[in-house]
Each structure stands twice: as C-alpha cells, then as structure tokens.
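What follows is chain A paired twice: with chain B in the first complex and chain C in the second.
Presenting the complex of A and B:
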C-alpha cells in the first residue's frame, strides 16, 4: 500500500489539473453546443501573455516598464494570473464575434472556424515569440520540492492542484449561486425560452465564450510550468479536454470534473505500473465508459447529437 | 504489283512497336533509368525533408537553417558544376507516413536530385525506403537511432549524426565507475529510444552494471510525475534517459522541479541544442552527449558562428547548435561530392560519399572523421557535456567534459546488422 498511495495522490492531483483544462471547454460546449477547437491555442496564448506580463524586460513601455521591472516576481506573477486570462477572454470574445455567422448552420461550420482560429493563433504565437521553448517563471515560494513519506514531490504541482480546485469551485459557485449562472444554464437548456423571456442571448454567448477562453488561458498559465511552453503546447491540452468532456457527458459540470479525475488516475497509475500505456489509458477509459453509457458518465441529450 | 494497304491492325502494330522502342530507350531495361537535363544549366533541385511541426518542429527548423547556409555558400561561389542549387521544403510533420508521402512527392513530382533532412528516426527510415526505390541519394542529418546505419541502412542513405550506441559508448563505462552499477532506463517508446536503450543495456552489462528497471515513455508524454515517483521508489544510482524532443523538455522541467537532477546521476544519451536553448541551467542536469558545441576551442569555430549570425540575424537562437551543424556539414559534403564526381549521377555521388574523409580542422572537431562505407554512418568525435553552471553568457550553456575519437565509440553492431542493397540493385539517375 505504501507503494500505491503516492500514485493515488499523484493521480488525483493530475486529475484535478485535467479537470481544470477541460473546464472552459465544457462551458462552451455545454452552453453553445459548439466544439471549440481553438481551446488549446487559447490555452497556449494565456501562458504566453503571462510570460510577457511576468517578464521584467518591458523596456518598450518606457518608464512604466522600468517601474514594472522593480516589482518582485510574486507580485508580477499574481497580476499575470489575473490579467492574462482577461486578455485571452478578450481574444475569445473576438472569436465569438466571428462565430456568429455560423450560428444556426451545420456544426461543421463552427468546427472549421475554430480549427482555423487555432491555426492562426498558433502561427501568430510562433511569429511573435518564436518557435523555441520558452520558460514561464513562478515565484520561489511555490517552486522546488518537498519531502513526504520518503518521496520527493513537486511543490508547484501541489499549488497547481490547489489552483485547479479554486477554479473549479469558483466556476461552480458562479454557475450555481449567481443569477448569471442561472441564465447561462437556462440558455444551455432552452435558448428559445431564454430569449422569449427577454434575455439578450447574443450577449450571453459572448460572455460564455469569453469566460471559457479565459479559463483556457488560466489553465495554460497553471500547466505550462509543468509541461513547458512552446507554440504548439495547445495540442497537448485540447485532446484531453475533448476526451474528458465526452467521458463526463457533454455539458455536465460535474461530469467534466469526475472525467478529469478519472483520466488523471488512469494516466497516473499506468504511468507507474505500465508506463507504455499511460497515454493510451485515457482512450481505453473512454471506450469502456461510452460502451455502457453512450452519453458519458453524467451526460444528457444535447444538440450535438442532432 | 500488289497494293499495300494500311489496315487498323497493322497500324496498331506499328504504333506499338515504335512506342515500345521509345520507352525502352528512355526507361530501360538498363539501370540508368532517369535522365533529366543532365549537363545542362538547369538548377539542381534538392528536397528538404525536415519537420516543421510535431515533436521535432524546432529541431527541424534548425536542421533546415544548416542546410540552407551550406547551399547559400555554394550558390555564392557560382553553384555546383556551374548549376544553381535550388531547394523545396515540405513539412514531414514528425510522422513516418507523412515522411513517405513527402519523399515520393519530392522525387516524382518535383524531380529532386537529392533529399536531405531528418530528426526522427521513424521518419528517416520511412523516407529512405522511398529514396531507395528511386535510387535518390538521401542524407539523414540528425536522427540517431542505431538502426539507421544498422538494420535499416540503405545504399542511398548517409547518416551524419552520432547514434545512440556511439553516445552510450562514450558515457557508460565512465558513469559506472563514477556513479555506481545500479541503473534505470527511461526510454522513449519508439525506434530511436528502443535501440538506444538496447545499446545502453548491452554496455551496462558488459561493464558490470545492473539495469533494475526500464520505464517506457510514450511519445507525447507531458506529465512525468508518476514515472518520477517510480524512479524514486527504485532508487537507482544512475538514470539513463533516451527521451527526445518535446517529451524531453517536459521531463527536464519536472526532474528539475523535484531536484532529482542532484540526488541521482542522469545520463541523457544525446542532447539536441534546440531542445534546451533558452531554458534555465537548472533544467540542464546530468551528463549528455553531443557532436559539436559552438564554444569548442578549435580553429574555424568562431568564424562559423559569425557566419551563422550573419545568415540568420533575426533567429532567436543566437548561436548554432549540433542540429544546425549536422545539417550544414551533411549538405556541404554532399555538394562537394557532386563537384568531385563531376556529375549528379547517383552512383558516382554514392561512391564519392562512401570514400569520404574529412580532416578534424574541416569538421571543426577534435578528430578526423570518415564515412564508414559498410554502414554509411559518419564516424566522428563524440563529446560529453554538462550544464555550464555559473556562466554569465546565456548562450554558453554547455561545459564540455570529454571527447572520444571515432574508433573509441564505434558501433560494431551496426556493421554486422547492416545489409544494404548493392549498387547494381539501386536504380540510377542523373539530373
């Protein structure tokens, strides 16, 4: 058991991170019934924005840049964690404006548009920041390692899991405890009725897309100190995000969280005991679940089935 | 006098005979079956088969820059055999299937005389199968699976990087005496990883070490936490990693976060420069192999770095690395071989490359290098390096620890495993 416990804890923390990656994807799929293939690129964009904000080298800002450079790293990092997702949310809203012409048409139009957007964002990143590996600095207090039961664990990964718990809780509170959340859920359930009640559905979609994009950007900031930062890092995020949504059930908040944790446990345990299957395990898990529950663990009928 | 009439049947016979004669003249049965614009001033077309996306996108770009610099230098001197050298690049996507498709297209549609480029051994093997089918000379610039010059060797393929066995030869014996006999392997789960791991395993056994476990790392792995917990549980004295590309970057970052780089010895079979350039030195733990470093104290190195910086003033990678170097050297030697052969005839070029010898000063390495005619792998100096801790120059990341002459790190198994096609069985061409 002493050999298994570390892998259980590791799988759980990994699962929380997977859930974080899937959160923004879930929101957009759930409310807008749109598979956002640009999710991974927005994930990468968040990390790159954070890297710029954290960097003390902002000479192009003149005096403001110099003032910024003297701020301690934890302050710059803290601001980056808030500002970068906001910037990504703005990019996401821009993307939603482009999406409007595809509403009411076949799902393929939305898929193609977000796929194109993913390519454009990734190539823009490559042009602006270059193709090389970059490095997202984190404050000393949350980097390094700690010893627990004779094994060394990454301090940052623990904090990343806590970030994930915080983000999951915040999204849940927003959806369940605020009137905006109620409107979003109602919009997902019956958009015509929501419109009939006088709610501006266009603005609602803009908000949801922005929120989903911001969450993708936040996940990018949290994950890239572990995965590394390169223009195509988004590919590493969008595939598990999509898989987790299908596994948990399209549009289900808790489905995404449980799906993420199950994927984390599968990857964590196979990584330890059958490492060659560690990537395959998530797909095997998906096959096992959809064989018995075609709509995923907590899924209900959605517009994507039409 | 009987009157000759032209019937439909006799007409068809005549047309058939004339067509067969014309086809036989151009296409064979003789081996010289592709002749395009030979001895003309038509540019020599070279197909660049480097990755621009996928796991080795970054290394592929560096590889390509090396080839392009060599080609520019020849063109500035008036080309090769008085003909301009032109290139066409198609992304091989770090995917073997794409590699095959790209090679087929470059040879048949774009009429490329030569193909150059590879980082992934799987892609290189796929390209070389197509190249052999047409007899097209192909340079595997940067992929380093021992099989590339072993069981997957080809008459048309020439391998320019050191392979996993060469690097393991350079590292294993010293590491066993310096760090201990209890070893663990971390192996990328594809051809290069498996073959490098097999070479390491054999050497560890030979020098009295023991492999306690091997962790297979699927390509595309981003989270190494479970594997690194397992490494800690096994508590080896040495971890020999054959993990490349983006996987390696993620692994390095996570090992560094745990501080495992200091608590056990790490031997990274080979370290490609584009994979670590710009990363904090903490991520560059352990000892690793390379074929070249930009701060080698040898004649010509500083000038080579200057030429790189002039050629690529906007590149974020401010100094050339081993991948660039291999791309450059391979291309330079190919074009020189064409000049010596006085022709693009593939047989003549192959024979020139098979007898290639390059002095240490020309190679900017410590020892003379030569092409092994039995395996078509360049036999060259291999360096072991580690992080240059405490440096003030962010580009000066490596500290070279030792250098091994080609005969000290020779891959004898490749000689035995390589059964390449004869020249007679290789289609010929001249373009």
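Presenting the complex of A and C:
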C-alpha cells in the first residue's frame, strides 16, 4: 500500500490541475454550447502575459518600469496572477464579439472560428516571444521541494493543486451562490425564457466568455512552471480539457471536476507503472466511458448533439 | 440529373476535364511562375484527401477532427509494406487503403451513433490515440523520426512500366489516381447512397424515420472516407519517401478541415479542390514573403468564417446568383461550382 500512496497523491494533484484547465472550457461549452478551440491558446497567452508582468525588465515603460523592477518577486508574481487573466479575459471578450456572427448558424462554424483564432494567437505568440522555451519565475516560498512520509514532493505542485482547489471553489460559489450564477445557469437551460425576463443575454455571453478565457489564462500561469512554456503549449491544454468535458458530461460542473481527477489519476498511475503509455490512458479512459455512457458521466442532453 | 444525358456525362463532368487538363499541363508552366514541380504532387495528393474528407464533412455533415490518423495509417502501411514485405506499387497501395479502411471501420463502430459535437470530440480522441501509437511504437513506426527511405516502386501494369523516381513521373501517377477518385466520388455523391448522406446531413432524425439505417450509412461513409485518406497517405509516403507522425497530429487534422471549409466544401463538390489549391499557394506565396505566413492565413481563415462561411465556392455562387452583371464567364464559373449539388 505504501508505494501506491505517492502515486495516488501525485495523480490527485495532477487531476485537480486538469480540472482547473477544463474549468474555463466547461463554463463556455456549458453556457454557450460553444467548443472553444482557442482555449489552449488563451492558456498559453495567460502564461506569456504573466511572464512579461513578472519580468523586471520593463524598460519600455520608462519610470514606471523602473519602479516595477524594484518590487520584490512575490509581489510581482501576485499581481501577475491577477492581471494576466484579466488581460486574457479582454482578449477572450474580443473573440466573443467576433463569435456573434456565427450564432444561430451551424455549430461547426463556431468551432472553425475558434480553430482559426487559436492559429492566429499561437502564431502571434511565436512572432512576439519567439519559438523557444521560456520560463516563468516563481517566488522562492512556493518553489523547491519538501519531505513528507519519507518521500520528496515538489512544493510548487502542492501550491498549484491548492490554486486549482481555490479556483474550482470560487467558480462553484460564483455559479451556485450568486445571482449571476443563477442567470448563467438559467441562460444555458432556456435562453429564450431568460431573455423574456428582461435579462441582457448578449452581455451575459460576453461576460461568460471573458470569464472562461480568464480561467484559461489563470490555468496557464499555474501550469507553466510544471509544463514549461512554448508557443504550442496550448495544444497540451486544450486536448485534456476536451477529454475531461466529454468524460464528465457537457455542461456539468462536477462532471468536469470528477473527469479531471479521473484523468489525473489515470495519467498518474500509468505514468508510474508504464510511463510510455501515460498519455494514452486518458484517451482510452474516454473511449471506455463514452462507449457505455454516451453523454459522459454526469452529462445531460445538449443542443450540441442536433 | 436529366435522363436525356449521355452515359459519359453522368461519369465525367466538364469541371472534371477542366481541372485535369489544368493539372496535366502543370509541369509545363509551374516553374515559369516561380514555383516547383513537387508542389503539384502535394496539391494532387491533398486534393484526393480533401475530396474524401468532404464526403464526410460536406455531404454527410459529420465533422471529423481526427482524419489525419487515416492519412497517416495509409502512409505507414505503404511504407511498412515496401520495407518489410516487398516492393510493389499496387499491392502497397492496396495494403494502405485496406489498413485505413479497417481502422476507419473500427473507429466508426464507436462513432456512428454519435452526432454533432460528441462526434467531433470522439474523432479527436481516436485521432490522438493513433497519433500517440505512431509516436510510441518505435519498433513498428520508428517513433518520432518515422519510417525513412521508403522506396518509390516502379509502375508496372502488364506490358507498360515506368519508374516513378522523378517527381514529374510521380505527379502523373498521382494525377491518374486523382482522376479515378474524382470519377468514383462524383458517381457516389450522385447515387442514391449520396442522396441519403445528404438527407442525414439535413436531418438525421427524419432520415431515420423515413426508414434508412442511419447508423449503417454513417459507418459506411466514415470507412470509405478513411480509406480514401489512406490512399492519399500512401501516395504521400511515396512523395516524401518517408512516413512520420506529424501528419496525424490534431494540427494536421485541423488543417484539412480548414482547407475543405475555406474552399467551400459545405456548398460544392469542388470546395476541397479549391481549398487545397488556395492553401498550398498561400503557403508558398505568403511563405516566401513572411515566415509567419500561418498567422496571415489564419486571419484570412477567421475572416472567411465570419463573412463568407460558405467558402470560396459559396462566395462565387452568391456573387453570380445575386449580381445583375451576368457575364458568360461568371455564369460558367458558377455552373462549375454549383454542379456538385444539383
């Protein structure tokens, strides 16, 4: 049993991170019935924005840049964690404004538009920051390693898992305990009725897309110290996000969380015992689940099937 | 189609002849416009791929985002046959088509009762599984490097034989295959089978209520489309003299969707043909000017989806259908483009 525990913890923390990656994706697909293929690119964009904000080298800002450089790393990091997702949310909102032309048409057009957007964002990243591997600085307090039960763990992974739990809890509170959340869920359930009640659904969709994009950016910042940062890192994020949503069931919050944890455990355990197959396991898990449960673990009927 | 038409007209259309003539003369003029003969090989191969893909996307309304897998399976199967069994052109191609067909048929068993987004997501998952296997199964596929030094076997048919070593010879071989695929698909989409596919695209539930076995139709069209992708893949492994996992990635699978759509696969038989030509020309022309050509192509694609979602073919049809300046040439082009959907 003792040799299973570390893999279990490892898989669990990885699973929470996967759930975090899928969270923004889930929000957009659940409310807007839109597969956001640019999710991965927004994920990468968040990390790059954070990298720029954290970097002390902001000479192009003049005096403000110098004042910024004096701030200690934890402060800069903390600000980046908030600012970068906001910037990504703004980019996401811009994308949503473009999306509007595809509403009411075939779902494939939305899919294609976001595919094109993903391509554009990724190439822009390559143009601005170059194709090579980059690093995201992390404060000393949350990096390094620690000992637990005679085994060495990465301290950052623990904090990253805590970040993920925090974000999941925040999104849950937002959806379940605020009037906005109620409107969002109602909008997903019956948009016509919500509009008839006098709620501005257009603005709601903009908000949801911004939120989903911001969460993608946040996930990017959290994941980068673990995965590294390359222009095409987004593809590593969007695929698990996809799988988790389908696994958990489109439009289900807990489905996404459970799906994420299952994928994390599958990857963690196969990584430990057959590392060659670690990524394959999540696809096989998906195929196994969806073969028996067409709409995923907790999925309901969705307009996307028609 | 009108019943008075001759048998020949049902098998071959003017557009087809025009396309094949343009392509057949391509080696004569392509260098004079600053491009190279190998581009023609690539374009012709991708046209086969795109035409087969559009059977699924445009005609049946089934968005597959993992089609690169079958292209790759064809490429690997052809390469393995040449390297491990013996050198033979037609047997190699037959092996590639069979392998892709079988893989497509197996995948289709899992997919055929799915619709819409769930269908798309499952194709991504399966595409990734095959891509993953191609990277990890070193002893069979050569891992990330892929299979190298795949020979181009000579063309031998009865008394006729020719080496395919030069790109021009290979080009003409690919062109013949393209012609066969064109005629076969043209017949297929105008057959009762093709009509049922279009009915499924328009309303799957209604097609089922009318009494068609929708599952079987979806299964069949998926397997056929996979087999054609495998055929294109086998030609590609000949062209490249190697087979590698890149063509199976999600990115590559997305590109074929993009090509088909930008050309207008939803509204015209010729959509993928136009899309493929535009993509490769953009790659080489924009690529010569800027290294970030994919950025510009992506932007063009986004604008196309926003403003002309029916693609180039659709734009032409609209332009001619609504405009009052109906020149003969325009009508000819519109006729060309709409012929796929009469």
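Definition applied: the second predicted complex is superposed on the first by the 306 of 306 C-alpha atoms of A that agree within 3 Å, B and C clash if a C-alpha of one lies under 4 Å from a C-alpha of the other, contacts with A are read in each partner's own complex, and residues count from 1 in each chain.
Here, a residue touches a chain if its C-beta (ideal position, glycine included) is under 8 Å from a C-beta of that chain, and two chains touch if they have at least 3 such contacts.
This one's a predicted model, so the numbers in the text were calculated from it and none came from an experiment.
S.K.: Overlay done on chain A, so just call it for chain B and chain C: clash or fit.
M.R.: In the superposition, chain B runs into chain C.
S.K.: If we overlay the two complexes on their shared chain A, which of chain B and chain C does A:276 touch? Say first, second, both or neither.
M.R.: A:276 contacts both chain B and chain C.
S.K.: Is A:103 in contact with chain B, with chain C, with both, or with neither (first, second, both, neither)?
M.R.: A:103 contacts neither chain B nor chain C.
S.K.: A:82 contacts which: chain B (first), chain C (second), both, neither?
M.R.: A:82: touches no partner chain.
S.K.: Of the two partner chains, chain B (first) and chain C (second), which one does A:242 touch, if any: first, second, both, or neither?
M.R.: second
S.K.: In the overlay, one of 39-47, 75-83 or 93-101 from chain B clashes with chain C and the rest don't. Which one?
M.R.: In the superposition, chain C collides with chain B along 93-101.
S.K.: Enumerate the residues of chain A that count as touching chain B in its complex and touching chain C in the other.
M.R.: In chain A, residues 276-277, 279-280 are touched by chain B and also by chain C.
S.K.: Tell me, which parts of chain A touch chain C in their complex?
M.R.: Those in contact with chain C are residues 35, 98, 101-102, 105, 107-109, 111-113, 115-117, 119-120, 123-124, 126-127, 235, 239, 242-243, 245-246, 250, 276-277, 279-280, 283-284, 286-287, 290-291, 294-295, 302, 304-306.
S.K.: Per the contact definition, I'd like the list of chain A residues that touch chain B in the complex.
M.R.: For chain A paired with chain B, touching residues are 3, 6-7, 10-11, 13-14, 130-135, 143-145, 151-157, 225-228, 230, 232, 236, 267-272, 275-280.
S.K.: Which part of chain B faces chain A closely enough to touch in the complex?
M.R.: 53-54, 57-58, 61, 189, 215-218, 220-227, 229-230, 232-233, 246, 249-250, 253-254, 257-260, 263, 274-280, 316-317
S.K.: Inside the complex, what are the residues of chain C that reach chain A?
M.R.: Answer in residue numbers: 63, 110, 113-118, 120-122, 124-126, 128-129, 132-133, 136, 250-251, 254, 257-258, 261, 292, 294-295, 297-299, 301-302, 305-307, 309.
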